[in-house]
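In what follows, subunit A forms one complex with subunit B and a second complex with subunit C.
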Partner chain A sequence: MKGASKILRWLRRTTKANRISRSRIVRTTLLGAETAGKAVAFYARTGHWNTNEHNRLLAAYRRQLHAAVSPRIRAKDWDGGKNRSSPMTGAALTQILEPLVGNAQGLIVSLSHDDYGRNYGGVQNVIRDEQQVFGRAKWLYLHVSPASPLPMLSDPKPANEFRVSLRFDGNVIGVAMIGDLVGSLETLRRSIFMQPIVHHLMGLAPELVLEVIRATGNDSPIAWAHDFFSACPSYVLMRNDVAFCGAPPLGSAACAICCYGEERPLHAARIRRFFEAADCIVAAPSQAALERWRRFDLPHREAVVLPLARLLSVPPTGNPPSRDDSRPLRVAHLGAREFRKGWSIFEELALRHAGDARYEFLQLGTPDGPSMPRNIRNVSVRVDAARRNAMIEAIAEAQIDVAVIWSLWPETFCFTAQEALAAGAFIITNPGAGNVWPAIAANAPEQGCIVNDVEQLFAMFRGEDLRARAHAAPRRRGTLLIEGGTADWFLRRHATESEAAPTTAVASPSMDGLPIQDESVAYG
Partner chain B sequence: MESIETRYGVLSVPNSGQDTIGRFLARYGEWGWDEVLFLSSVLDDGPTRVLDLGAYVGTFGIGLASAKQLDFVCFVEANGEISPYLAENVNRNCKAPSLVVEALVIGSQAHASEGRFEPANFGSTSFAGKPEAGDQRQGVVPLPVRKLTLAELRSEHGPFDLIKLDIEGMELDVLEPDADHLAQAGTTLWIECNESPRSVEIVRYLLSLHLDIFYFAFPSHNPDNFRGDPVPIYPFAYEAGLLAAPKRLPALNDRLASHHCILRNISNADQLKEALWRTPRWGLADWHGTSVEELAALAGRALRGESFRQFLGANWSRSGAPLDVMRGELRKEQARAERAESALAEASARLLDRASEIGAERERAERAEAGVSELRQRIAEAAGRCAVIEASIGWRAERALRRLVGAQPQPVKPKLGD
Partner chain C sequence: MAEVHCFTSATFSYLDRVRVLGETLKRFHPDWKFWLCLADEEPPGFTFDIAREPIDGIVRVNELDVPDVRRWVFNHDIVELCTAVKGPMLFRLLSSGARKVLYIDPDIALFNDLDEIVCLLDKHDIILTPHQIDPDDDPKAILDNEIGSLKWGVFNLGFLAVANRGDGIRFAHWWRDRLLDYCIDDLPNGLFTDQRWCDHVPGLFSNVHVLRDPGYNVASWNLSRRPLTIEEDGVIRAGGTRLRFYHFTKVNGPGEVMITKYSGGRITPFELLKWYRARLDANAVPDVPDGWWAYGTYADGTPVPREHRRAYRSRLDLRRRFPDPFASGRKSLARHLAKRRQ
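Here is the complex of A and B:
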């Protein structure tokens, strides 16, 4: 009672001193209660307290920005991925490899940032696929990855101090010093043709990769542009992991404020020296990726576009059989809850429409990552070697109407876009998402739309047209035919060269009536 | 930039490692020397003024000025990345008074907003508004600041006795507005002639002006090249051009004949098509330097898809299938693969439709299950309440009293959801 009378006295004093009417205090109190009530209701629906639409997205960017650190610092967290096995000797390695080469057509020496047999991801899938295609064509496949993976180039090291993990035709061989590997390859090349394929340089020292290439005796290595690591340790070219930067000139102000900026000059110089010395054939998964890669102006012998998969679809025959027009429109984020994949934008979209009966939000992908609002439902999907169509089937089964593929960097291929197309979902994307729109435009332009920015995206969902638009669009359905990475293209080309050997052939007519042809090696 | 010692003097070229003409200059010290010799033989001995359109690094104009005394050569190049090399080469080596103009020569048609070139051939830069089907030009160069018509060039720097055009698809567009002047046959034209429908259109246009036309083709490899290198980079690869309104009747001299150059009089479009058809454009390296009989043997085997590596080996048998038969087989295989792919796509689409139905059914089942479990829960709650009522003192007392008075107690029916 004492407390209540104290409060009343304080109220009286305050209202008198500040000339505030009691009714205003009551109104303010009620308003406060209403706001608090709304916040509680919002929390109940979403698990989030922040009801302010404007600073919520900013907060997500701020969190991402605060988490951004130099790759050199991040490298310390990667220590757990180290393969700590003792390295075998060079003689032991040669002894293992020599009997294996047997009557094979040739040996592929493939290099990438980690062991594709132990790790999961897009590049690893490509390597696994091409290893199998090469295997069917009686080509052997030696995969080399750093025994200590890193989120950046390895610092230059002597060849006898750099440990690599080796996998032969999919089976683990063990760990060896790269110097010993070079020695073994030099021995083996007397008895077998070798083709180096560099899938990724992350974690490797390009100077040592050059030594491996030289040891194969092949002067036409193939280097993949799976992403833009050639230009910056931030392989998706995102300044401080929050905004696409497009690889500004070295030493620019943008690099000075970026957590990757300090590493970039040396990184770029080492990569340039690598491309100058290696004279690579550059393979990109899409034309869009190749065009962007070409802006880095790195020397190369030639460039090819090798799409990682091909969409096989049938023309739409009408509405999908189970489409229920009375249910909410199902909107999905496909893949992991990663910032660069546009997760924060999707999350914000869902938060803005918490309680909106028109929409239902889902995430199709692994259930790990940051916690998500309650009004987003996770459908656990994991695409791996055994279940390559898992995402397509999950999209169909969850009856996804709209896939928001809002990548914040120019995707070089984007499997999820292809999967959404194959499953018949309508795709919404942005112009900066790389190969997403070209993939839609090439396969089913009526099955997607491009939205200029986030505000337009939010406006589209606020409006009433999306449902009609998504339902009106004819949807193709089909499957993805996984291509053999480098294998199909290389095997065709190698067969042509072999046909012409030992004499040299010329290729199809091209400039000024002259065919494109290399002086020493013929190809078609 | 790279400097190369050549037949024309020291030439600067952009990148001899990748660019076709650069590679020829680096290896043979020349490019298109037979073309220069042929053109010098059809010009008058008097004062001669030459316009070199699409001059690239200047091998044609500089070469012609060294093979024949010229009064003036005007070099025009539209690619701003190449013109500095051209200017340097002309200043250093051209034996005739000369001028280098960086400009795009235009006609009446719309030109492209930028030039496009094949990555390994800077000389292929084209500003044509309508690229042909299968155009492989991917590199991009900006438009030059100056744009001139043929008439403007003539009034500024002409008249010209010879105009050479190597302007990658814009020839007809540039020539057409100048028809009145060209019809007077006062200017000899030398026009690049590729295997393209455009070449036929050009011939039809020149024939409509009643000009004498000749087709001249020469091997890209000159056996008497500056460096004496006998091995061609591109065996049997010929370059060709159309000569219109020559001052002298063209003929192959001994040297050009020994190089197997081709000269034809063209009086209709079909003759040009036949001449192009009979001009080799590529060949296998082991065809080089062979006799007609050997060439027939090697080409026949290539046509049948036979290779020397497998010839008379353990698994060799005469295939007897010419390449077109094998192509037919391949087409059948392709058709089979396409049918299989479309069947796969249809099956996948059906599978996905069923997956959607399963998903929808599963949701309905889940909703129904949720309803059933809610009902079960309510029933359990109601049963619990009944048990409580039945166990209550009031209920037991009432039941006893009712028994006494002979009345049957009416059980309370609890409402679901109470």
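Here is the complex of A and C:
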């Protein structure tokens, strides 16, 4: 009672002093209570307090921006990934490799940013797949990766100071100096044909990769454009990790304010010198990726599109799965909770429809990453070498109706789009998502739609047409046929060339004419 | 002599900002002569080596030909002094023969060249940028921006360009005189430093160009009508045109709040803000104590209250009795005013 009378006294004083009516105070209080009540109810549904639709997505972008740092700073956090094994000598390396050469058809010398046997991801999968296909065709596969992986090019170093991790036919050999590797390859090339394939230059020094290519004696190296590292250390071309930039001209204002901007000019110059010297055959996983890569105007011998997988429709074995109109539409984000994959957009979509009985939101992927709203359910899916169809099966099992594939950068292939198509989900994507829409258009154009921007996406979910649209789309089922990376294409081409000129199976001395690296760049 | 002279005014506590302005200015206009009008003196132990700065020339407040300069300095707080020196400095540069002079606030950074300004000065004598060039429609924005400009001045004096002829010279005379006498923050009496005075400029002078290009002088007070965007060409645009310079007002306080309010949900303004803060960190001046201003204290280190400055400014008897207002001790202005207050 004492408290109540105090409040009344305060109310009297306040209203008198500020010349405002008591009813206004009561109204304001009630309004405040209503707002607070809404916030509490929203929190109960989602675990989030912020009920403001206008600034919530911006807040997510700002968190991402806040975390963005230059690759040189990020590199300090990568120290833990270092392979600390002592390097073997050049003689020891040659001793290991020489007997393995035997009667093989040839030796693939593959280079990428990390050890594909220890790490899992898109590029690592491609390497694993192609190694197996090459293996079946009696080709040997030597994989070279930096012993100290980095989120950028390695600074130029002398060859006898650069450590690389080596894997032969999938098995770890150990660590060697790249200079010793070059020496061993020069010895081996007398007895076996070698084909260099550069999957990725990250963590490597392109000047030293050129030395490896020279050592193979092959003047037709293959370089993959798995992403857009050729143009910028931000291999997804995300300015400050928040917005797709499209690799603007060097020295642009956009680069000046970007956390990758300081590194980019030297990065671009070193990559350009690499492509000028190597005269590569460029392989891209999609036409969309190749078209984007060509905008960088890097010299190359020729370009090929080598899709990483093919979607095969499975003939129906009974009645197609029925559409259950009584349950909410199941809407999913496929894969990790990564900003560049559109996770924040999906999260915002779910928050806007918390309590909306029309929708159920799911994330199909690893359950790690940032915490997510309570109204998104995680279905743990890990696609790995042993379970390549895990995502397709999970989409089908969870009866996902709609997959929102809202990548913020132009995906060069996008397995999740293929997997969603294979599992019969309706896909919503944006025009900037790279190969997502081309994949839909080529395989099942009626099984997806392209939405211009986030506002249109939100409007689509606010409206009433989505369910009908998703249900009208044919729910195809299919499977993904994993292609062998470079292997199938290369083996066909090599066989044709060998028939035409059998001597090409022996090392060509003409490779000695490859331009030698600019000393000032290598050691400057 | 360089055709274009550009100056800024600051104290040492803003030297990081001056450096960022200098480095961005030099990026686009290496041939311009960039001056710092210094409204400060070095803190103990700090050596200001202009050879290591992106600055071509420095003019100290006591070199401005201001009568009774020490007392004049005392009459102003830090913002007032930094703005008051702009008039005498502009006059000095024009008098020394500079053909075209630009003033740019230290908390501005260039994102593109200002060649258009140089061309416009061939036709116009004075160029001003209004705070707003497009009416707001949201009541909150009208209150913050349009009504704010009615209080603090229609034109933002973070930027000014003047040609050394005709009305450019007449303006420089007039502005110097007014700022020598009336460059104070006294909103109830219609004064706000150097800025409010320029509301008169289109009336008092002819051949004035009001620059209505949204790419110039973008800041939190006009962001609501000039959305910042960046396309694949790498050009930063404000309201659809090339961003020339951004005014990072009060970036570590209310400036960010206002950017948040008027960013329109876009991340680009925050990208600029993050970049600017990183440049400030890279250009930090660790040897200058936080909040340093040589004229901010009496000789014994006691801060000079604003009311002491106002009293000294308005009372002839105090000015006569205490010729050195900064002195401390028994017969000082500080002691006198402190006693009166008790």
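Going forward, the second predicted complex is superposed on the first by the 485 of 524 C-alpha atoms of A that agree within 3 Å, B and C clash if a C-alpha of one lies under 4 Å from a C-alpha of the other, contacts with A are read in each partner's own complex, and residues count from 1 in each chain.
The working rule: a contact is a pair of C-beta atoms (placed from the backbone, for glycine too) under 8 Å apart; a residue touches a chain by one contact, two chains touch by 3 or more.
On a predicted model such as this, the values are computed, not experimentally measured, just so you know.
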First, second, both or neither for A:313, with subunit B first and subunit C second:
first
Residues of subunit A touched by subunit B versus by subunit C: which partner has the larger set?
B
Should A:481 be classified as contacting the first partner (subunit B), the second (subunit C), both, or neither?
first
So, A:249: does it touch subunit B (first), subunit C (second), both, or neither?
second
Applying the touch criterion given at the start, work out whether A:422 contacts subunit B, subunit C, both or neither, answering first, second, both or neither.
first
Could you say whether A:468 touches subunit B, subunit C, both of them, or neither, answering first, second, both or neither?
neither
Determine, under the contact definition given at the top, whether A:357 touches first (subunit B), second (subunit C), both, or neither.
neither
Please write out, lowest number first, the residues of subunit A touched by both subunit B and subunit C across the two complexes.
none
Residue numbers on subunit B that touch subunit A, as the complex places them
20, 23, 118-121, 123-124, 136, 192, 194-195, 220, 233-235, 237-240, 281-286, 307, 309, 341-342, 344-346, 348-349, 351-353, 355-360, 362
Subunit B touches which residues of subunit A in the complex?
302-303, 312-314, 320-324, 389, 392-393, 396-399, 422-424, 477-479, 481, 498-501, 503-517, 519, 522
In the complex, the residues of subunit A that touch subunit C are 54-55, 57-58, 61-62, 65-66, 68, 239-240, 242-243, 245-249, 252-258
Under the definition above, what is the set of subunit C residues touching subunit A in their complex?
111-112, 230-236, 243, 260, 263, 265-268, 270-272, 274-275
